[in-house]
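Each in structure tokens, the structures are laid out below.
Two complexes are shown next, each including chain A; its partner changes from chain B in the first to chain C in the second.
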Partner chain A sequence: MGLFILRRLGVMLLTTLCLTFVVFWLTNLQPNLEKLAKTQGNMRMTDEQVTSWLETRGYARPALVKYGEWLGVVPGWRYDAPDGSVQARCLTEGASIETAPRYCGILQGEWGYSTVFREDVSKIIGIRLGLTAKLMFWVMVLMVPSALILGVLAGMREGSRTDRTLSTISITTTATPEYVSGVILIAVFASSAVGLKWFKGTATSAMEDANFGNFFLPVLTIALYGMGYIARMTRASMAEVMTAQYIRTARLKGVSFRDIVMKHALRNALIAPFTVIMLQFPWLLNGVVIVETLFNYKGFGWTLVQAAGNNDIELLLGVSVVSVIVVLVTQLISDIGYVYLNPRISVS
Partner chain B sequence: METLTWAEIIPRILWQFLPVWIALVGVFAVSILFKRRLGLYGKLFDSGIGMIGFALVMFWVFTGIFGAMDLIVTHDALAQASGMKNKVPGTPLRGAEEGEYAYYLLGGDNLARDVFSRTIKGAWIVVQIAPLATLFAFMVGITLGLPAGYYGGKLDTLLTFVANLVLAFPVILLFYLLVTPEIVATGIPSYMAAVLFVFPLIFAGVLLNSRYHTRPTLRTPLLIGVLFVMGWLYLSLVSDAGTPLQVLPGWLDLFDVPGGILVVFVAVVFVNSPTVFRIVRGLTLDIKTRDYVAAAQTRGEGPWYIMLWEILPNARGPLIVDFCLRIGYTTILLGTLGFFGLGMPPESPDWGSTINEGRKLLTVYLHPALPPAFALLSLVLGLNLLADGLREESLRD
Partner chain C sequence: MKEPYDGPILEIDDLSISFFTRLREIPAVMDFSVKVQPGEAVGLVGESGCGKSTVALGVMRDLGRNGRIVGGTVKFKGRDMSSLSADELRHIRGNEIAMIYQEPMASLNPAMRIGQQLTEVPMLHEGISETQARARALEVVADVKLPDPERILKSYPHQLSGGQQQRIVIAMALMSKPALLILDEPTTALDVTVEASIVELVKDLGRKYGTSMLFISHNLGLVLETCDRICVMYSGEAVERGSIEDVFDTMQHPYTQALFRSIPLPSADKNARPLVAIPGNFPLPHERPQGCNFGPRCDYFEAGRCDAGHIPMFDVPGNERHASRCVKFAEIDWTAPPAIGETHSKGEIGKVILRMDSLKKYYEVAANALFGGQKKVVKANETLTFEARESETLAIVGESGCGKSTFAKVLMGLETATDGEILLDGRNIEQIPIESRDTKTIADVQMVFQNPFDTLNPSMTVGRQIIRALEIFGVGQSEAERRSRMLELLDLVKLPREFANRMPRQLSGGQKQRVGIARAFAGDARIVVADEPVSALDVSVQAAVTDLLMEIQREHRTTLLFISHDLSIVRYLSDRVMVMYLGHVVELGQTAQVFAPPYHPYTEALLSAVPIADTSINKKHIVLEGDVPSAMNPPPGCPFQTRCRWKERVPGTLCETEVPPMRQLAEGHQVKCHLSAEEFASMEPVIEMRTADA
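The block that comes next holds the complex of A and B.
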């Protein structure tokens, strides 16, 4: 088991390195850098000004070297201007060039500086992740129990009317992407045109003070899309368990249907959905980006859109590191959890 | 003229769809009549869910096709009419000329364009791109997944690693990185297109060669013919004036894909391929232990013959079902791209862009955002139901 986890962690590290390099390379392509120079400096910069802007800020060097600096395995750049002033990657405000460290990258705990928000990347990501964690927590609270109940109810009597109805509901929710369900929910519950106005159409105020009125719609929008999928998996697994020999034995013994479902079937039926729930995280990440944009909730997904839209290199790298780690860690947990829940499977 | 009520709008909309109804009734009548002779497709008409799904899908397919032929649309999807900004459904067109449709059936959007016509035109974009992109993704996934599952070993490790790498990327981040004008200017999407679109050629070439290599008199002309036609199409598709990849001279170039569409296409294929790869690989791992594969190996068949003519046909059930589901997922991805304003030109009538424009005024005006939202919902729902029906019917025997 230990070796298995160790190997998985190694693969994880390699994946993260590859992915961040791809992001780094794409954001550091010449047209992207020129756009960055123009948005950060001045829209009407001439080509020479752009070149010198990029040179004084250390952008005009090979991508591999810059990537090494970002990682913290190559000494940070240093630019001596003709007038004697010095600019360097590791130079923080107020510090002199002599005391500044030579290396400053991820390994030294420096995540860099966001050019859009003009703040440290680690700080931005910390705050935004907290906000998204709040959103995700409520999504899970709403989504997991309702999906499991839907699935178990549908799967315990396969082919019945309840099964048909609930399955149709879950197919419909999986067929509705967040930007469609969000728009419909806002239209019905938040617009002045319909007039119900039960909830708010934006969740900006939920960042400080979340309540039912301003937070329910975004939570529901994300939960709906994932719910159908988990419910379908639960249904399939429940339906399979209900045909097993031991259920028939229990039935022949005269155990009541309620006890069969609760005591015999449920535990075994929930193994498969567990993995699915964990594997839903990457999907939810997508939903988070859409919903946070739609409801203007300034969390992690919103930050991703801002960073990507403005070619904010270091923030984008930070965002990708975090999201890749989230994806890979949930995969690992789902694999390990599967082994623990299902004694028939072993990792070796 | 007065504004129409909903009781008048709905019959008018249904009337506009008349060609679609005729086509649908025709397809269903023929299919049900001959359903015993049509294999899996015919069996679809035994399941209620499958039929509903098929009807929804074909509704949008016909709508797309007839919409492109200007049969259903009432107005030009890009034209703006004065005084029609954000007008409610059924508003009469101010100063309508002779021969012009006198109403905006589903109202006007923020730029005074007809919402109804835009939704119809949006269907054509989806109907064109989604199935084709899914097909390309399947070509890539099958061509790489079969050998990965069949040979295993280092090749498998490498390809699986790359597939997981792409899958670990958040889709929207990938879109933002690939589908921006700056990246398009560097030509990276064109090079990716050149790589991804070569897979159908490889697939067809290997497929025919593995089958007919014992009969060179048939194989050689067949291969030359097929590869020549496909190669020409490939080069026409890949080479585009204005991109770094202009291999064909203009007079040989059969068609040009309009700007933005090719990039969107590449992005969607790229995102879908790794999942298809994983499915095909898993199926291959399962099927290669069967007796008929061992029999083929004993007969001395080549590995590619076994993969393409023994394993692949036996994996078709799950693949067909996944194909339907994946078209739906591709539709969602296209909508996502539009929703973030990526790739498509800003005035494009595709559903995602229209939803994105409509959502900004959603608390006041509902009508610009809701029709494309329901259109997308019903198409994806139809594809999901169709996949469900196919799965049920293919499991039955």
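The block that comes next holds the complex of A and C.
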């Protein structure tokens, strides 16, 4: 098992490298850099000025070298201006070129500097990720149990009235994207349009002090979308298991219906949805972007929108790296959990 | 808990079961009656779709949402099952009536340990503690002769072999010492030698616990070995009921007679006494004829009498426990020998077409597909040497995992050989994969597959599929020419020409297999590998398909490589037999040589394991211990040494250390064994016909 995890970690590292390189290359395309020069420098720069701006700041070099610098495996660039002043990647405010380190990249903990927030990328990501984790945690707490209960109840007697009702509900919630359900929920429960002012329409205050009133709506909006999907998968899996021959064996052994569901069917039925639940994490990141913007909750998704909208390359890169790692780690957990649930799969 | 009771354990009286679909009511079982006395084993025999499993589920009252008992009663120990409440019913299931199923793997819960699944039964019904239940489980697991019960209880179903799984299912059924055991085709999914040991076990346990049994099977031989009484079913009705001797020796229904004439008994011979196939097809439940269901296929059919109306069961005079559902049973002369159909002269066997020389096929199996790891070698075929001649039928016999399918794959070019040679007309083809074989070679070597249900494209008409094969083999210049050739091929396999425009789903299993045969012969194949071509078909259809293959072979002088595990059919149709075990050819010879002593010890066990539906046959019982070893980890020395009963007669540790050489016992008869010539000479025949006066 240890070896298996080690190998998976190796594959993860490789995937991370590939994916971040793609993001790096895309954000470092020439037109994007020119736009950067103009927003950072002066909107009316001439083409020559743009070129020299890019050169003095180390942008006008091959993408692979720049990527290496960003990673921290290639020495940072250094630009000796004709007037004798020196600029370098690793030169921080107030430090001299002699004491500056040679390498400064992700590996050295230097995530770069955000041009939008005027702050270190690592610091921004740390704070924002924490906020989003809080949101995600409550989404999971709400979504997973209710989805599983819904799915199991629907699937244990396929075609019954319970099944049809619950299936209709789950199809409706999956078919409604967050930007629709979010708006409807705000209109119904938080605005004066209906008048039920039970919850708050904005979650900004929940960043410091989350309570039921200001946090329930964003959590519900994300959870609803994922819930229908997981419930559908659980239902299908449960319905299939209930027709399996070993369920008939159990029935003809004289096991009661409740025990058939709880002891014989449940574990087998949960194998398939488990992977789906884990796959939901990356999907939830999607929803987070919309919901955080909608409810003005300044988390990870909101940061991503800000970075992308303002051409903040380093921040964007940082956000991508973290997203990739989140996705890959959930996959690893899903694989390990699968082995645990399904005794037929062995990794040794 | 269980009251003593001394009437019949199970009384089924005029039971009718129907399934309700949106279109119509489909009667699955009609007026079915049977009685099971304490300690008695009753066999329920019939082809698939005749309603025998429905009877079993009807007894258990587990017919699903669409099924319903529409008439008659089922009495268990004198109590009417339909009057029971859900709780009472649950108390009977598993406690008083237990069931054993066809597919052991599917009927065990994959995510629960064996121990848990076993202990559940008594804990549920007798309310005993887990420790007590566990002690009981250990005892029962030992009873079903599984080694190391402690370890077995801790394993999951997938860690056991098929035979072991079926023993666990049997153990589960016996956990609460039921009064009635229903066995629904308990050995159909298992190999013959495993089947023999399971049957032995069921018989022993039935005796030990005094359990009554309802044994459902399509295999007459198996019923003969296990049951006291038999009930033959056809299309939802019981057609004949009586003791084994009554039904097997003095049958009173035309269907029973036709069934016996269509199965290959040792007395049948493909040239002198060919099998008599039952004409026509099994009627679908909603297309049953008026009067006698078997009427349209019956030799004794008399219009006006047989199709007049409902036919009840008649008692055979002088034997109140023997009954037949035939209006004419008293008039038919049951002792008249079957009208001998066409007899054929034995085909002339021609020159050698195919030669295998020390063919080897090894597979390398990596421990982990993505990252490699330690490689294991599976030796699927080990030094195969034989030749096949024109117009000859060579049977390849062995249990699953013996390498017979691998050999077929290498011959077809789906895999390339690891070592050795395959010579087709003197040309080496062992290293040419099928993509690079020329059209002629591909057309020459063709295959008929085991499962006709999966090997036809479901969305293409039958004619189109044959024409497609013709296109690939480059037969015919134009579409019209190919079309007429396709129609000829349909004639060849005796299908009506209208079938060209039908979809595979509109055909029955036997008809689909005929299409498969037509496709194989599209390019005038000279070698046809038939991989269990009839094992998925019903008994009454098997004879017709076998006959067809023989007839085409006679006309086209085809070499037939007939892969099978069914020794009865092999004895009936093959000229030579090759017996394989764990990748090795252990015996090769003329059919008569292989089926008579001296045998290879494995052949001997195999012959003894095959059930024969003939009461005049005396068979020696040789039950092999354990399972076939894994090909990943074969035993050293002789592959069969772990299960061989002759091993101790070989001096020293020869069997454990050395692979025996191929020895010539007689002209054309080779055996791979260390036994001395004297030991071989002392072997007795396994199957003996009882003489009339004995």
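Rule of thumb we're sticking to: the second predicted complex is superposed on the first by the 331 of 348 C-alpha atoms of A that agree within 3 Å, B and C clash if a C-alpha of one lies under 4 Å from a C-alpha of the other, contacts with A are read in each partner's own complex, and residues count from 1 in each chain.
In the analysis below, a contact is a pair of C-beta atoms (placed from the backbone, for glycine too) under 8 Å apart; a residue touches a chain by one contact, two chains touch by 3 or more.
Values in this document were obtained by computation on a predicted structure and should not be read as measured data.
**Student:** One more residue to check, A:133. First (chain B), second (chain C), both or neither?
**Tutor:** Touch status of A:133: no partner.
**Student:** Please indicate which partner A:19 is in contact with in the superposed arrangement: first for chain B, second for chain C, both, or neither.
**Tutor:** The answer is first: A:19 touches chain B but not chain C.
**Student:** After superposition on the shared chain, which partner residues are touched by A:65: those of chain B (first), chain C (second), both, or neither?
**Tutor:** A:65 sits against neither chain B nor chain C.
**Student:** Chain B or chain C: which reaches more residues on chain A?
**Tutor:** Partner with more touched residues of chain A: B.
**Student:** Mind working out whether A:309 is in touch with chain B, chain C, both or neither, as first, second, both or neither?
**Tutor:** It touches chain B, and chain C stays clear.
**Student:** By the touch definition at the top of the document, which applies to A:324: first (chain B), second (chain C), both, or neither?
**Tutor:** first
**Student:** By the touch definition at the top of the document, which applies to A:29: first (chain B), second (chain C), both, or neither?
**Tutor:** Only chain B is touched by A:29; chain C is not.
**Student:** For A:201 in the superposed arrangement: first (chain B), second (chain C), both or neither?
**Tutor:** Only chain B is touched by A:201; chain C is not.
**Student:** Can you pull the chain A residues that chain B and chain C both touch?
**Tutor:** Comparing the two interfaces on chain A, one with chain B and one with chain C, the shared residues are 11.
**Student:** Give every residue of chain A touching chain C within the complex, in rising order.
**Tutor:** Residues 7, 11, 159, 244-246, 248-256, 263-264, 267-268, 271, 341-344 of chain A touch chain C in their complex.
**Student:** Give the list of chain B residues in touch with chain A in this complex.
**Tutor:** For chain B paired with chain A, touching residues are 161, 164-165, 167-173, 176-178, 180, 182-183, 185-186, 188, 328, 332, 335-336, 339-340, 352, 355-356, 358-359, 362-366, 369-370, 373-374, 376-377, 380-381, 383-385, 388.
**Student:** How about chain A: which of its residues touch chain B in the complex?
**Tutor:** Residues 11, 14-15, 18-19, 23, 26-27, 29-32, 34-35, 171-172, 174-177, 179-180, 183-184, 186-187, 190-194, 201, 282, 285-286, 289-290, 293-294, 301, 304-305, 308-309, 311, 316, 319-320, 323-324, 327-328 of chain A touch chain B in their complex.
**Student:** Which residues, counting only chain C, touch chain A once they are in their complex?
**Tutor:** Residue positions touching the partner: 60, 62, 65, 90-95, 98-99, 101, 103, 106-112, 120-121, 124-125, 156, 158, 169, 172, 370-371.
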